[in-house]
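In what follows, a structure is listed as structure tokens, so that the remarks can point back to it.
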Amino acid sequence: MDVILNQIFAGLSMASILLMIALGLAIIYGAMGVINLAHGEFVMLGAYAAWALQTYAGFSIIVALPFVFLAVASVGWIIERVIVQRLYHRPLDTILATWGIGIVLQQLVRLFVGAESRFVKGPEILSGNIEIGGLIMSNYRIFVIVFSLAILAASWALMTRTEFGMKLRAVIQNRQISECYGIEAKHIYSITFAYGAGLAGIAGALITPLFSTIPTMGTGLVVDAFLVVIVGGLGSLLGAATASVLIGEATALFSMLLNDTLGRIAVLAGIIVLIRFRPKGLFPSNTRR
Amino acid sequence: MAQLQVTDLHVDFGGLRAVDGLSFNVNEGEILCLLGPNGAGKSTTLDLICGKTQPTSGSIRFEGTDISQLLEFRRARLGIGRKFQVPSVYKELTVAENLSVARSRSPGIWHALTRFSLSDGRVAAPILERVGLEARASEIAGNLSHGETQWLEIAMLIAQDSRLILMDEPTAGMTIQETARTAEIFRSLSTSHTLIVVEHDMSFVRTVADRIVVMNRGAMLAEGTIEEIETNDDVKTAYLGH
Amino acid sequence: MKRRDFLRGVGAVGTASALSAPAFLTTVSRAAAQGTDIPVGLLFSLTGAVAVVESTLHDAALMAIEEINAAGGVHGRQLRPIIEDPASDPATYADRARRLMIRDKCVSVFGSYTSASRQAVLPVTEQRKNLYWYPTLYEGRECSLNVMYGGAVPNQQQDELIPWAIENFGPRFYMIGNNYVYPKEENNYCKTLLEKHGGEVVHEEYVPLGHSDFSSVINRIRAEEPDVIFATVVGDSDVAFARQYHAAELDPAKMPVISLTRSEVEVKAIGGEAAAGHFSSAPYFMGTQTPENERFVESYKSRYGADQVTHFVSEAAYFQVYQFKAALEKLDPANITPETIRDAAVGLTLNAPQGEVLIDENLHTHLWPKIGQWQANGQAEVMLESQNRVAPLPYAAYEGQRCTGEGLVQG
Amino acid sequence: MTTKLFYDLFALAVFAVVIVVGVPFLMGFDGFELNTFARYLALGIVSLALALSWGSAGLLNLGQAATFGMGSYAMAMHLKLKASGDALPDFMGWNNVPELPLIWIPFHSLGFTLLAGLLVPAFVGGLIAMFMFRARIAGVFVAIITLAFLVAFQLVVIEQQGITGGQNGLTGLAPLSLLGWSVDTYDVSFYYLVAGCLMAAITVGLYLTHSKFGLILRAIREDADRTRFFGYNVANYQTVIFCISAALAGWAGMLYTLVLEFASPTYMSVSFSLAIVIWCAVGGRDSVIAAAIGAIIVNLLEGRLSDVFVEGWNLMLGVIFVLVVMFIPRGLHGLIGDLWKALNNQSHKQRANEAEPKLQPQPVKSGQEK
């Protein structure tokens, strides 16, 4: 019984990390239809930003979060302005271009920071565990779960409750008409891309105490995050959240029953079947196309 | 027996009844015009016949076979062709290639694998001549003007040589001369083909229609020759909203 | 900050001429017009996932080469390092190894960390009868006549470790490793030792290379309550494992992780606090107290930065270059070929940072196994040091097979 | 004969001359240099295979590496059995596999191996294709499903160590003997074997793109729905091109194993699969020859750059990819096409300018047709 409870918590914890990474991707994909393969590298940049702030300025991760967000968001903004913006009418080409961008970012970090694995210290206040009977939950993981929900709520509010969100939705539905009403679609896109990148940065900073910070850390993450987005449904935040939980829990369950490798294979197979029968995802948006 | 029999057709789009109990027949060699106000379900009816949309209930029989559950390519193989409202030619292919795709007597893979792409050039030439595009055979279709694109699509329908052709607003955006020429082609087509035409241009309808079906809110409102329709009170009410 | 030049051209061929049209098609030999230099290849990944470790091996080997050159070279000839970056990809290893061995006519190539990359390099090495100096601990069961193995094989790492662990912590072992041949083979050998010394395996599991979420593994460990976590997790997987193990507040005093792969590099990324209290078995730790090691650590730090660490693979990458040099010195300068170097190297002793090492006739190395406990400062305190130099038995787990100077012998 | 077919045949002829005569001559018939080049040629085949599904039919298959890997492993299994003689392949011993698994047994036969290297990828590609295309999955979703399949497949290969050799792959292979000829990978004849295969693959590709089949695929790429209304079974067309593309990838994989003398699960990695896409994009996905040339050029460039800039070559490749995608989306093939057109117009204009003043003094419309 305890094993199952602990495993459910492990699944939730994985889900929260997946969600943190996938959220920015979901927003970018939903708004612009861009498959951003450089997203993993945004996560990596966030981790390195957290490392730099901690090593050179002595910031704890939590204090560093807003700065990390701004730093990675501005990198995202520049990339959108210089490269991605030119490719909106060629969605398959964005896959290639953003992959190239990913290589470039990875190599730049390697050249200027080094190939070795970097150490980032977790926040003191969040060390330790909460124990409820046989259920043992790491405080830091609880924090990440809560934080990811907060980010989800904030993003949702931004998309539905603000003027910016209203404009964005207008642009998503019909760019030409929105522009006729004086909404600058280009501008909206840049900000959205930057926001998505910033979220990835936060995700990167938050996972540093759990994972290892190296230039290639983002490569593996992006595929998983993408599957979350597709399973969730085009640009649906709720869908991304549900898909994260589903995939996180399924991974936890299968890895308990089988092992981590077979668990991952089973989850991938499940995702393939799901996409086949629900290509629009769990929560298809009914506003677009 | 009628070539096409539509019986008690219904289709729902998430609660909206786009077609609601529609029945009509079309005879071989006839030109039938579908009329009706916007949203009456005319295009949806064509979609249902060609298989783009699946009916909720009801049946469609073509030459005696029930086709209402068949996939669209199977219906096309049985002899149903379709022209869409928005001209849909292959803009990245040349005019001749468009015709070659359209000429689909043998749509199987083996046939396609053993032919060069423009092997039906000899068949294509007279058709192009008929629509006045013979000089542009090797032009990329994307470079054609709007009118030429319409002609190309008509040429493609001729090349496809379906026994039943469904046309959605074939004259939209055409000049008066072009419309007249289209009407002429339609009349000549109807000797060997059946046509169902959705059209708003009443003068065009007057020239080509053998029979007219007027639709309103997804159901048939009236049916008959042009004279009968023009004097029908229900039709007037529906159009003028009295 | 980064210490290497960004766009460093290598070799005598200038950038412009190398990229000019005719030269573009044919890969111009960099060995041309080099007079009396001795070309040696360095084949360590500087990019990609394995670069985390291999770049340190590269640094150590290059440092040794430059030290030798600064001291006048061998027979008055300089060693000329030819550097390739195989980018952590086995196919690229094979391709670059061909370049070094065939085109550049290197008499020896130093390289690589993973088993997969070694095996990618093997076909061309054996076909060209070249010599490949491989500094990494590995799973054994290989007996190539063209590879100089500088790292430990299972018997060198485990023979003293396992009885010691059973005695100090208990007999119940939980095996966790990455899913490839090295962990499986180490575990196979471990099981024979456990049987001999009265231990048992409570669970054995493998995670994919690069796996980073160990929540399920940790839950299982918590449920099984083993005495020892016997870990063969490598690279960033190990970093993630150690950090999450620490975050889960599992006590190293009750359930220590005893690793065959965790070195100073990983510990630096794990953080001393999370690594503290756990153990590694290795022939070398950075704190080893020999004059050779003091020199090695000092010059490594002054060259690459005070925050850099040395570890048991970079140490081997370093001393293997000196073994190479010693072998060259025994040779007639007119007769330097990979095979004569190999023959001259057999039986050589050398004062390495870990102590005096010897090259066995099976081309593996006699080493000084140690067990170290990690401290909060990122260094290991040696708990147990082997009294004797331990001979390499790459087929220790397999009765009736022995690796000798003539290759594998059955029965 | 259409001008496009003429143009392609001409390009094939030039390419053949360069590959068969030019390259070996420039490299002085040196076995090592040609061995390196043979690797590029093998990769050219897999790039070409992708051009068939991506360029012709618009199906971006990010799982191309999986079918490539199948071919590569088929060949490696045969050569491993040959190297092991009567004994069990060594890695099976490490994994405590007691006897030769059933699936390995038929690979004793070279004929079976060659067939399997083509048909197994084709079969698996066909299954995935049917699975997707029956449900009318298109565009980005094809890319995602094939990508997920690739990741899962690679995991399976790594997991099944007893059968596949796991992470290390299959190493320690014997040389291939083909009809009594023992293939030496450092011999010029081996280069010609691979070059011959590439030429054959290009011929197949050219035939397909110029057949009516290729035309229908292009029609499907542009508007699959419209094509259905002409009576074409779109799913079948897509499935067949997927099979052919997978078979060619498998073929390339077999050659790749011969060149490198081992098979590794990294041949089935996401980054390798994306690299194939990049080669194809650089060369130009609209033309099979261009796609093959793209693979050769990128790999040549990679080899060259990594020689000169040990530290920066990966970075430069990344920058080049981004630039290519941004500024020459249709690859070198498109670029050359555009240049050709521009040159044609230019010379038209010039001819008009030179010729016309003599005939007619007044200015006339020059050759600026749209």
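Lettered A, B, C and D in written order, each chain numbered from 1.
Everything below uses one rule, namely that a residue touches a chain if its C-beta (ideal position, glycine included) is under 8 Å from a C-beta of that chain, and two chains touch if they have at least 3 such contacts.
Note that the structure is a prediction, hence the values are computed from the model and not measured.
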Identity of the chain that, by mean CA position, is farthest from subunit D: B
Count the C-beta contact pairs for B-D and for A-C, then tell me which is higher. A-C
Most centrally placed chain - per-chain CA mean versus overall CA mean: D
Report the inter-centroid distance (CA atoms only) between subunit B and subunit D in whole Å. 42
Please report how many Å separate the Cα centroid of subunit A from that of subunit B, as a whole number. 48
Mind checking the centre-to-centre distance between subunit A and subunit C? Centres are C-alpha means, answer in whole Å. 36
The distance between the C-alpha centres of subunit B and subunit C, rounded to whole Å, is 73
Each of the following residues of subunit A touches two or more other chains, namely 107, 111, 219, 261, 264
Residues touching two or more other chains, restricted to subunit D: which are they? 155, 158-159, 311-312, 314
Indicate the residues of subunit B shared as contacts by at least two other chains. none
Pairwise chain contacts under the document criterion: A-C, A-D, B-D, C-D
Subunit C touches which residues of subunit A in the complex? 2-3, 6-7, 9-11, 13-14, 17, 107, 110-119, 121-122, 127-129, 136, 138, 140-141, 209-217, 219-220, 252, 255-256, 259-261, 263-264
Which stretch or stretches of subunit B touch subunit D in the complex? 50, 52, 71-73, 76-77, 81-82, 84, 88, 90-93, 97, 100-102, 104, 107, 109, 111-119, 138, 143, 160
Report the residues of subunit C in contact with subunit D in the complex, numbered from low to high. 4-11, 13, 15, 18-19, 22, 24-27, 30, 46-47, 83-85, 87, 89-91, 94-96, 98-99, 102-103, 115-116, 119-120, 122-124, 127, 139, 141, 179-181, 184-185, 188, 208-209
Name, in rising order, each residue of subunit D that touches subunit A in their complex. 60, 131-132, 135, 137, 139-141, 143-145, 147-149, 151-152, 155-156, 158-159, 270-271, 274, 277-278, 281, 311-312, 314-315, 317-322, 325-326, 329
Per the touch rule, the subunit C residues reaching subunit A in their complex are 1-2, 4, 6, 46-49, 51-52, 55-56, 179, 205-208, 210-213, 215-220, 222-223, 235-237, 239-240, 243-244, 247-249, 265-266, 268-271, 273
